[in-house]
Amino acid sequence: MKPSETFRDETPWDIGYDDDKLHEECGIFGVIGAQQASAICALGLHALQHRGQEAVGITSFDGKEFYSQRGLGHVADNFSTQESLAEMPGHMAAGHVRYSTTGGSGMRNIQPLYAELAGGGFAIAHNGNISNAMKLREQLVRNGAIFQSTSDTEVIIHLVATSRYPTMLDRFVDALRMVEGAYSLVCMTPEGIIACRDPLGIRPLVMGKIGDAVVFASETVAFDVVGASFIRQIDPGELIQVDFDGNIHTHRPFGQPPARPCIFEHVYFSRPDSIFDGRSVYSARKEIGVQLAIESPVEADLVVPVPDSGVPAAIGFSHQSGIPFELGIIRSHYVGRTFIQPSDGDRLAGVKRKHNANKMIVEGKRIVLIDDSIVRGTTSLKIVQIMRDAGASEVHFRVASPPTGYGCYYGVDTPERSKLLAGRMDVSAMRDFIQADSLAFVSIDGLYRAVGHEQRDNTRPQYCDACFTGDYPTSLTDLARREDESAQLSFPVNKVA
Amino acid sequence: MKPSETFRDETPWDIGYDDDKLHEECGIFGVIGAQQASAICALGLHALQHRGQEAVGITSFDGKEFYSQRGLGHVADNFSTQESLAEMPGHMAAGHVRYSTTGGSGMRNIQPLYAELAGGGFAIAHNGNISNAMKLREQLVRNGAIFQSTSDTEVIIHLVATSRYPTMLDRFVDALRMVEGAYSLVCMTPEGIIACRDPLGIRPLVMGKIGDAVVFASETVAFDVVGASFIRQIDPGELIQVDFDGNIHTHRPFGQPPARPCIFEHVYFSRPDSIFDGRSVYSARKEIGVQLAIESPVEADLVVPVPDSGVPAAIGFSHQSGIPFELGIIRSHYVGRTFIQPSDGDRLAGVKRKHNANKMIVEGKRIVLIDDSIVRGTTSLKIVQIMRDAGASEVHFRVASPPTGYGCYYGVDTPERSKLLAGRMDVSAMRDFIQADSLAFVSIDGLYRAVGHEQRDNTRPQYCDACFTGDYPTSLTDLARREDESAQLSFPVNKVA
Amino acid sequence: MKPSETFRDETPWDIGYDDDKLHEECGIFGVIGAQQASAICALGLHALQHRGQEAVGITSFDGKEFYSQRGLGHVADNFSTQESLAEMPGHMAAGHVRYSTTGGSGMRNIQPLYAELAGGGFAIAHNGNISNAMKLREQLVRNGAIFQSTSDTEVIIHLVATSRYPTMLDRFVDALRMVEGAYSLVCMTPEGIIACRDPLGIRPLVMGKIGDAVVFASETVAFDVVGASFIRQIDPGELIQVDFDGNIHTHRPFGQPPARPCIFEHVYFSRPDSIFDGRSVYSARKEIGVQLAIESPVEADLVVPVPDSGVPAAIGFSHQSGIPFELGIIRSHYVGRTFIQPSDGDRLAGVKRKHNANKMIVEGKRIVLIDDSIVRGTTSLKIVQIMRDAGASEVHFRVASPPTGYGCYYGVDTPERSKLLAGRMDVSAMRDFIQADSLAFVSIDGLYRAVGHEQRDNTRPQYCDACFTGDYPTSLTDLARREDESAQLSFPVNKVA
Amino acid sequence: MKPSETFRDETPWDIGYDDDKLHEECGIFGVIGAQQASAICALGLHALQHRGQEAVGITSFDGKEFYSQRGLGHVADNFSTQESLAEMPGHMAAGHVRYSTTGGSGMRNIQPLYAELAGGGFAIAHNGNISNAMKLREQLVRNGAIFQSTSDTEVIIHLVATSRYPTMLDRFVDALRMVEGAYSLVCMTPEGIIACRDPLGIRPLVMGKIGDAVVFASETVAFDVVGASFIRQIDPGELIQVDFDGNIHTHRPFGQPPARPCIFEHVYFSRPDSIFDGRSVYSARKEIGVQLAIESPVEADLVVPVPDSGVPAAIGFSHQSGIPFELGIIRSHYVGRTFIQPSDGDRLAGVKRKHNANKMIVEGKRIVLIDDSIVRGTTSLKIVQIMRDAGASEVHFRVASPPTGYGCYYGVDTPERSKLLAGRMDVSAMRDFIQADSLAFVSIDGLYRAVGHEQRDNTRPQYCDACFTGDYPTSLTDLARREDESAQLSFPVNKVA
């Protein structure tokens, strides 16, 4: 019996996300050397809001003390007032938005996490997932460590705290050598900021400047919004220290391993106006649409995107195929809580609240629907139905990514394989399931072509594409232990509210 | 001295609307004969949320009592729980969303308004504006009437209450004969629902069916979402009664005057998936883009819509001109409260939070920007700037409506004429103001062509287009009185919180 | 069918009052001529909080506009911040605390009520009950009046609004001539304050001065707290006008009828440090204890008050009888919401949360318990039980008022007669019910003696003592109508939330 | 530079306590073997609410998991609903109310604290103060411990976590041997409850039974309210284990040292209906009043208590002196937030909101005021003033404890010595300060006599009376370190919100 503590926090408001999409779990932001670091951080996190809407936290440092504020909901709900930012003084700040993290949704798990170590305060914001966190946690607890959260990120802090190396940097590298998985980190100590990316660079992290201040963010769009210029991405396995005098030191404790960045950033996670891995996300998506039109052409009257994520690929598909692009589905800006479904109402009212057919446009037409991906398939089925209800004569479904058949263990919320439509059936069965006249996905090589490669290098893939291929670039210690034991988790991660 | 009472209500959350747009002030919905009338009403109002985000109210009737609930904020914030709807039983309901109404934003002014009259309860939801409300109110108060709100709509209730006619219908028509201005109304009495539209049909109102139930709404999109079929629009000056046995009686107390529906519903107010005045709003907007390309062509590399309202016209413009359509501006879905602007941040951070340039797309390109209208011009100026900051070599601005030079007195929130850019300067000066390389608006006749007429009939215009032409189709009694007196309002409408 | 509107307001927090007491329904306060009228008003209402804990409202006037704020809960919860009072400027203010009023607990019913009449704004705060309100309301509605609340007080406003007299004073007196029942009123018009008391002076109202400002309050204790000096009580049937120049005009439109003030103010309602009807409430209560000891002596070891209301009478009883006064029951200061009763907990835990036996004091002793009154008897029974559980050898119950056998229709919340213990049984049966060794009440003449009279003058009683005698000093029109009709209320007062 | 993290939690509502009193910092309660342990715990804590009103927490255990809920404010605000207790299942629970604790008021510091140790979950509720907590904390942090709160109590958890002993009991005793100061503890492990008291028994802790369940509480009054029978107090230095089979094991790891319980529990902290150290608190207080009348008699007309804490001593004084006891000061039950003081209001309005003179009683009389203690003296001064304003001819002040001249380091919130009136001046100067006609305190020997001793045994005092004598029964390591260093705290206890 290993009891754990269950906490009641305020219920988060229903965040109205599309639960038939994969969800990026986090966005991180850091700034050092700016007058109003916490205000810049809030603005930067707002630009990363699409990476996580459940909770937000900011920690700042004024040269003497660290100040933390955390809240459920959006950045704007928590950090838009003069009062909230006045309580967060200092020239350095780091922040975090999350969708949800391993370890549950309690207030205690909202990042940045903070600890007072022997060498001073230490704050950490993490995007990714430590895939041997449970094993490390058990070892640490056996040696007397007391965890304050159920987050995998806290493992890193305890490893730093108990490291026997003398300097903070050595202790931090010592800790990183023990963890496996995906991690882009922005940490703060009384000496300055440390930003790093795991040896494969699975999760993104970029560096910019705003005047003399140095900024870090998950995506370049955050730099646009705060008015920073984009310098470069952090390399895989690179660790960058910035102190209060503006000195930037770079370290490569893992050498220069070949990168495996997440290809789904191009498919869906990143904002189209971001630059990921040296390439415009918007252009990559349009090019996927081009590849899709080449690989799986269809005779039709209109190309209709599933808004908003299908729009760039639909523009590409339309351009390549010559079939006109039309807004055949209108998306409401006012999603939110689920409504009571009246018994005498429409069986599709739920989906129409968000996506309504533009009936007079689609009536009697052959439609090519373009979406970025299919996860469970439940929304795709309903979208096909509303097209048919609106009078479409044919509905052809084209997907701007390969079939998503495998779970992600690197910080993305994925349903179990048995709930992924592509984990359960082949493309033909999927077409039947969503009741389309035809269904096609871009090929894995087509996807690689769209992002600038000849094809996938199957011996040394250029990206992490495990969700499409099942080819995981790291070992998955906790998962293996669970499967070995065919037993309950000794640390009941998912029960904790 | 005519004192009025000032109330403190909860502050509405900042609704994040674009304050450089005109704002439709209301949406209304009614249903009779359905099992869960209030749930259908909530869903219908949700589909009309774009017509008003500040407050929402629903009143239902269960054959014995009326039940009212009102709240600030969105429909989903107030009416999405089983509990809230369980407190609203009955087969008849009417509701209202509003942006703000004449008379201030207090809880007391949230509609439907309700009064207990000698003949029973009476609830009213109103879209529009009574342009002689102040004069009527003064007369009523002199005779002992006590107003519970500062809304112009309450005038109608008091006119009904004090009418000497015997039946509710006669008293209602008696009241309508005394008011001038724009009104689409959905009213409830213990006998059933009454829906009507002012003699010119300035504001929209449509009728549909959902099984045996009859529904009324400001726009057809509400019928799509609740699963109702669209029957027809209510005619100008028409009054329709529906009782609990499903009998529908139509009355035309004003005869059949020629209609003057608001043309701005086509330009911006209605959702693109609605049908207004017999025509697809989306198609009308695309066609305005076509007319604009014909009237004001330009050599350029890309057609870029100001999202989202500029998108249909941009598609039309692109189609007509052959210039590729690209998402050169990305709109954030997470607007909301205003953020603190850090002193060392970007001067355009505010606008970029909502509209960010897709830099790698627009860099070095000649851009045609398409927006639906220009009101104050402040946002247009910033949009041009972010295009230039992103490296656009030329920025040409094309507007899918004529210059908006006059205020609206029919239920739309318009700045004073002195704050309307087109009220202050000609097109050439406007181009200088927004710093575009060229600026053109669709002509008034081009607009009429886009919605199916040869041209505007200047002796008997087919639409109310007063915001473009200053040609108001009704007298404006209260306005005239104010200007006559060159004095303070006797009823201090705008001071009341 | 006469429908009414049901509103959902925020639920008031459980006010933790003793529901086995009669409850004064309201306290009122007014001030004119003071710099920070609303702050003085808030402080004065706080001192009257014992007269009503459910809701509070203040209206102020700054020479131009009236400002109103209302809230559920205590004065301190609503009016203790600088912000809330800054929104209430002006030199005149009136306020109201209430327990609950005829017409339900909605926000709309919180006083002061306000209306904009032809002559300007009119605000009214009322302590009492209009016993022909329903009849008057029906007449007014038939003539086109629209009520905004379900409060009996609103009837007065409509009577003023529709009066044909020229001046506000005449219209006000005209209205008062039509109402019957109990009313102490503080009203505000743009000309100043009007305070008055019904012809029998059933409910209290006193006048004071604080510098040049004139203040009115339900009890003198409010003057102590705001630092005002007590001038005199308002006479029964007297109407006092105070204008902004400090002029005080007194009117007696009903002549000088003999007074019938509520004797229960001495028994329980008023604070012991108030002066009511020219006499210290504390001294009156002590003297009732003396009378009780004379009339119903008992051999015992200790006199134990039921705290806090029984304390003064217990001191008097102890003094007269020579039996020592001891705190044999300790009252908790932390009452509030009802707790979940654990199944394996104490059956008396609920009452002990509030009143716990001081076991080591009462063990083995003969106890005389002194309480101010017995209403339902349920608490009395439990108090006797906790005394016995604590080891008291005898428990004698002495009550500092006569048996409460009749309901009050003058603004006091009374259970129906069938739920009043003295409405159902005689003293001997009551003793059995509460399981005391003996039970005695002070006689009605004893009570009159304690407040300075030889005895009750049965032909022309000096007080309203209807709750003890059933001798109601006014006709009760609405009650008679209800009983006549043996039917449902045409206006469903009690259903309205 | 040793940074610490500052957190923003919700502001507690102003708890309306008298800030001129010493404040007991905590009350604790535990129960094992009951059906609805958390409901019993909530009720028990409610009865201990006077020991701490700022925050409350309960942790329960259902045989598998621990459940924790914490909140700011009163027990009734947090634990009175079925829902809140349904989330706290199990047969064992412990809880805590606090006034404030060393380490600030953040949510993280609300007890019970919980940690997941290698041997399972561990929850702890603490009344007292560890006087070497800072020194221990620094050592633990140097060894890699990460603290989640700023509470001194957390030191105990880390000492248990890092102890090398094999069993939980041995590790717990190992931890206790390292701490110094005052501690009554109720701890929970998966095996059961552990309750203990420090070797001197400075803070109280009692044991009772309710059916087969065993309960622990700071005071016996909690047993009265939950319906438990009082068994005995926990001895100083005693440690009691109770398992789920109801077995009770007692341990005395510190032998049987002579006790030094806090004498201020008799003076003020404990409720008068509690039994402390074998004696009725109420009787002790009355007897102090007797001693005071013997030691410092005065000719006067009335004995007036400062309510409510002065009442028992006033009864004793009255009895001994023969001077009548009267409620010359009336206390309001509705304290709460501080009100805005109107500029033209009474300079004493603040104090009168809480304590108002019963003017008609005290006018022209010679008064003996009885209060339990004088801390800063500011309230005493105002109380004397309101007596004089009310017309008292003489005001003699008698205090039912010796002068409070020294701070408490054992879990009581005391002002610095320089703010204690008796720390700054002698009795004669104190009399001048509070402007009384005479002032006297009970002597230290008089106090000991009142609680049953001949006199204070100055070689081996029977109580901890350090606040009166400066004779601290333990070393004060952290204090000594601070004074040695004449420097800033290395752990900035007081800055942390």
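Note that the chains are named A, B, C and D in the order they appear, and that numbering of residues resets to 1 at the start of each chain.
Just so it is clear, a contact is a pair of C-beta atoms (placed from the backbone, for glycine too) under 8 Å apart; a residue touches a chain by one contact, two chains touch by 3 or more.
Model, not experiment: these values are computed from the prediction.
Traced through touching neighbours, the fewest hops from chain A to chain C number 2.
The most distant chain from chain B is D, comparing centres defined as mean Cα coordinates.
For the pair chain A and chain B, the distance between C-alpha centroids works out to 37 Å. Centres computed as Cα averages put chain B at a distance of 62 Å from chain D.
Between chain B and chain C, the centres computed from C-alpha atoms are 50 Å apart. Those residues of chain D in touch with two or more other chains do not exist in this structure.
By the touch rule above, chain C contacts chain D in their complex via residues 34-36, 39-40, 42-43, 46-47, 49-50, 53, 74-77, 79-82, 85, 210-211, 213, 221, 224-228, 271-273, 275, 280, 282-283, 308, 311-312, 315, 319, 324-327, 330, 332-349, 352-353, 356-361. Contacts from chain A toward chain D in the complex involve residues 1-8, 59, 61, 64-69, 84, 87, 107, 114-118, 120-121, 123, 141-142, 144-148, 157-158, 161-163, 190, 495.
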